[in-house]
């Protein structure tokens, strides 16, 4: 599959919770190898969309297509094994397992799964190094990690499933500026290793620097799509963010 | 907190398995050496409770689905043996294994319904399911003898019971150990910590939960089956006895849930403790049982094994040399 | 949690665990490693009693009856055993089985192999007896069962197990006599029974016998343990309009049944509740309403058998309540054993068994005891049961339980029909 | 057998009355669950203690159980306070909190039942007021049941109003939603949960007084009822008062009609199945959230 081809397509996805419409007819495409940003104010449906893509929620309307094949409503574990990995906004680690074992879980059950536990452990250790997870903390219980460590572990665990597409839900949330720079580098590194990345973010400066293209959600509907510079000047987007000015990358 | 099995080096594992084999052999040699039926009987009952606690551990300790109705599988096993032996004149040992299989199949089927339900809802639903089975046993008189129960051919086979139940205990422990060290162990522990997250990392949670439930049920069924031909009389109220679930939970919690050694140590210590309490204070042992249950949960909620590990580590820090981690 | 705090806590808990383990092992050692007393100085009688758990109340009373017998025998200097040429005192060895069959099997094993008892008494209840009888049989030690009524035990045909208490199917005999002695004779009956081994046997035997005697069953229902509300059942029974209402139930159920019968104004001509009204509390609670209600007991303190009066007085003085069959049968078992050992002149099991079978009409406080075989109404052959055992039908009259059936032991007239609800 | 109209009416009355006693127990459980998020397995044992309190006050001083319900409530409130401080509070925030409290209160139930048994033996006791049933046409209504039902409804409404209308109720709901957030707005969650556990236990005491005139008073009397109440709470949805009401009445009807039409042996089967069917459709009970 060539670079630039459509990797994941969201088609008219609608999701309701009781009377509340969380997603309204959302459509966009994620191209092979690109780093797409998904932004929007709180409650605009970003996480809901990820939950629909990964099969946690079944949409009330619309389809999700992976490489042209429909994956709507499949069980989450099947979607994971088809090559879609994700992280959670608030890390949902297996808190009573060690950091290493958390990654091993991804390796054993993800797309690149193998029966050999020893090999999977080695793979997990490599991934922890890849995300710069401190070596000394590998055998620590996941419930006792710092936020930064947890975020890195989330990424390593998602990568352990060998995803073609990584859906990263606010990987920078709650981090300090130094940590943000570190995390941004990490995400670039992941993209550069050949993965398609969808990143949900709240930290605007970072996303504007990082993403090649941006989709904006507001109240469950897509209000804009385009390059960071266009988005920054889009009136609807500015309005949605209650007038908050979004800065385009200065370079 | 217990770490997953692989953290231990191969050498430690070797030493440990040799020790366990030696222990198992000793247990096998007890009946010929010890003449007194009482001790053999006591040990056999301790093994039974321990095996039940270990089987409970496989589903509840590993995957976090606290089954309050696990005694249903004991009952299914007991009734399967009762029916096979009295109505179809099966051999008791073969019947025990078939009793385990009956429990296994029942668990697969019931698991499809029950394991969709979570937390306290699951705990109570499993209890209710066990009670439903009890009602069925009461009513289907043509099959189960109803309230009259089933009377198996009289034979008093204490030593056979001892060996059968010891084998069950060893097998369930070996399986619990194997599961913990395999990918299934990772799946179950992940489900225990966060089932939704586990699913998104590729774990087919339904499959693993049902498998764990069924394996666990198999051994509870075998234990129930052995018990049936040992006491030679079962009725709905003794075969589906909810205090059995209490014994399983308490033993496992006492030793430490989710660990392999926990239910064993818990089962031994707890059952022995009960025996001593009850011999010494026949009238108040239940009061003490209730109180000790509270105290254990209050002061050692993560079990004795965890504390032992901490003590061993502490000894290491103070400079006392100890062999590889137990 | 700071490191130090954790250490302290862990240490405490380690100490607690260590103490528990040591206490457990030490306790076991102390309990079981005591040196056995030197040879034959006493006759050892062994029993497992339900001192805790579901059967604790009757189990306790069983012990009271036994204790009285043991003390009386020993006051007389014991039992003369020809083999030893002297009187040997009786020592009672008992353990608590927690109302649990598995525990009881362990205890009988212990009584036989460890304590080396000379003779065994049966435990409380049919279920536990069924589980333990094979042990007595295996070791060939005589077991005199006094608290198990299910026919299934003697139907097993054990050589070493004797059943003293009236078997459940014999209960029906006195129930038939009850209906036969009424005038005008009722035509229809309703039967409600708890769905457990012993009540079921009683109920089914009674039903069979009543139907054979020409009475019509208009309602028959079995209810499982744990039913707390009987109103719907009783509504149906009421709709069937029976003249006789008979419930084979446990005391707590009888309370509710009685109350709810009143609530729905169900007033048959005869109410018979197997267990409940025979509990003194029942009369206390229901007062005038209990008047004329029937119940059963396998023994009664008014019976004209020798020794009853003395037993009742002594028992009342000591335990501050009237004795019931729970205490009388164990006491009577003791009386029988005494005679059997004297006759056998030995403590050898085979000789004891022979003596059990040879003795005829041994006088006890539960009447003359003779062991023999009998075929029950369902056609099962029962081995070595007490042919003299009777189950009595009692009626509450002026707030007291009086023997009504069999008529030959009764000193009162039967109140029939039942007067109905007070208001 | 086709029942007459009177019988059917009588059956409905009976089902309602029975259901209302269940509702009373279930509401007591829910009061505790709402704030503490713990199922109190010892609720049945609490009810039993309340019944014993009523029994002794009746036996020794001739106080009617309806009057002594106040004393039972106070006595049980004390036990409730003890339960909260020693058996619930230490576990707040622990993994498996709900499973742990379930096991701990199970232990408490065994403890209480056997202390009772030790002190007062298994002897049956009971309070018989000897009141005749109320009659409407051909239907008769048991007074003990009727009073129990009325108190159940009154207490449920009272608690509902308290939760919705008063300051305490708002605080309780805040704690119920999040202990942390409640703390931020100046509510002490421990005070709230203590209050609710005490209230729930006091309700058990009242229930005990009321049913001392219906059932025989024995140490085991609460066990079956307690499990039934837990079943109802699970069926209705944990923490939901409406659920407890619907669940209690449903079980009351399932039991009464099941017994009447299918026979007593199938009575438990019917309501167990009701529960399983509801849960397999909606795993959090009729009105449960999460």
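Letters are used for the chains, namely A, B, C and D, taken in the order the chains are written, and counting of residues starts over at 1 for each.
As a working rule, a contact is a pair of C-beta atoms (placed from the backbone, for glycine too) under 8 Å apart; a residue touches a chain by one contact, two chains touch by 3 or more.
Computed from a predicted structure; not experimentally measured.
J.: If you average the CA coordinates per chain, which chain's centre is most distant from that of chain B?
T.: In terms of C-alpha centroids, the chain at the greatest distance from chain B is A.
J.: Could you name the chain whose CA centroid falls nearest to the centroid of all protein CA atoms?
T.: When every chain is reduced to its C-alpha mean, the one closest to the whole-protein mean is B.
J.: How many Å are there between the centre of chain A and the centre of chain D, using C-alpha atoms for each centre?
T.: Computed from C-alpha means, the inter-chain centre distance equals 47 Å.
J.: What is the distance, in whole Å, between the centres of chain A and chain C, each centre taken as the mean of its C-alpha atoms?
T.: Centre separation, chain A to chain C: 72 Å.
J.: With chain centres taken as the means of their Cα atoms, state the distance from chain A to chain B in Å.
T.: 42
J.: Once you find the CA centre of chain B and the CA centre of chain D, what distance in Å lies between them?
T.: 32
J.: What residues in chain C touch two or more of the other chains?
T.: Counting only residues that touch two or more other chains, chain C contributes 195, 222, 224.
J.: Do you know which chain D residues sit against two or more other chains?
T.: 117, 265, 268
J.: Counting only residues that touch at least two other chains, what does the list for chain B look like?
T.: 135, 138, 283, 286 - these are the residues of chain B that touch more than one other chain.
J.: Pairs of chains that touch, anyone?
T.: Touching chain pairs, listed by label, come out as A-B, B-C, B-D, C-D.
J.: Any idea which chain D residues touch chain B in the complex?
T.: 39, 86-87, 90-91, 94, 96, 98-100, 102-104, 106-115, 117-118, 227, 230-231, 234, 238, 265-266, 268-269, 272-273, 275-276, 279-280, 283-285, 288
J.: Quick check: in the complex, which residue numbers of chain B touch chain A?
T.: Going by the criterion above, the answer is residues 1, 3-4, 6-7, 181-183, 186-187, 189-190, 192-194, 196-205, 258.
J.: Flag every residue of chain B that touches chain D in the complex, lowest number first.
T.: For this pair, the touching residues of chain B are 64, 66, 68, 113, 116-121, 123-125, 127-129, 131-132, 135-136, 138-139, 246, 249-250, 253, 283-284, 286-287, 289-294, 297-298, 301.
J.: Give the list of chain D residues in touch with chain C in this complex.
T.: 1, 3-4, 7, 10-11, 14, 18, 117, 121-128, 130, 132-133, 140-142, 144-145, 214-216, 218, 220-221, 224-225, 228, 255-260, 263-265, 267-268
J.: List the residues on chain B that touch chain C in their complex, please.
T.: Spelled out, the residues of chain B in touch with chain C are 35-39, 41-42, 45, 134-135, 138, 146-149, 151, 154-156, 158, 227, 230-233, 235-238, 269, 272-273, 275-276, 278-280, 282-283, 285-286, 299-300, 304, 307-308, 310-311, 314.
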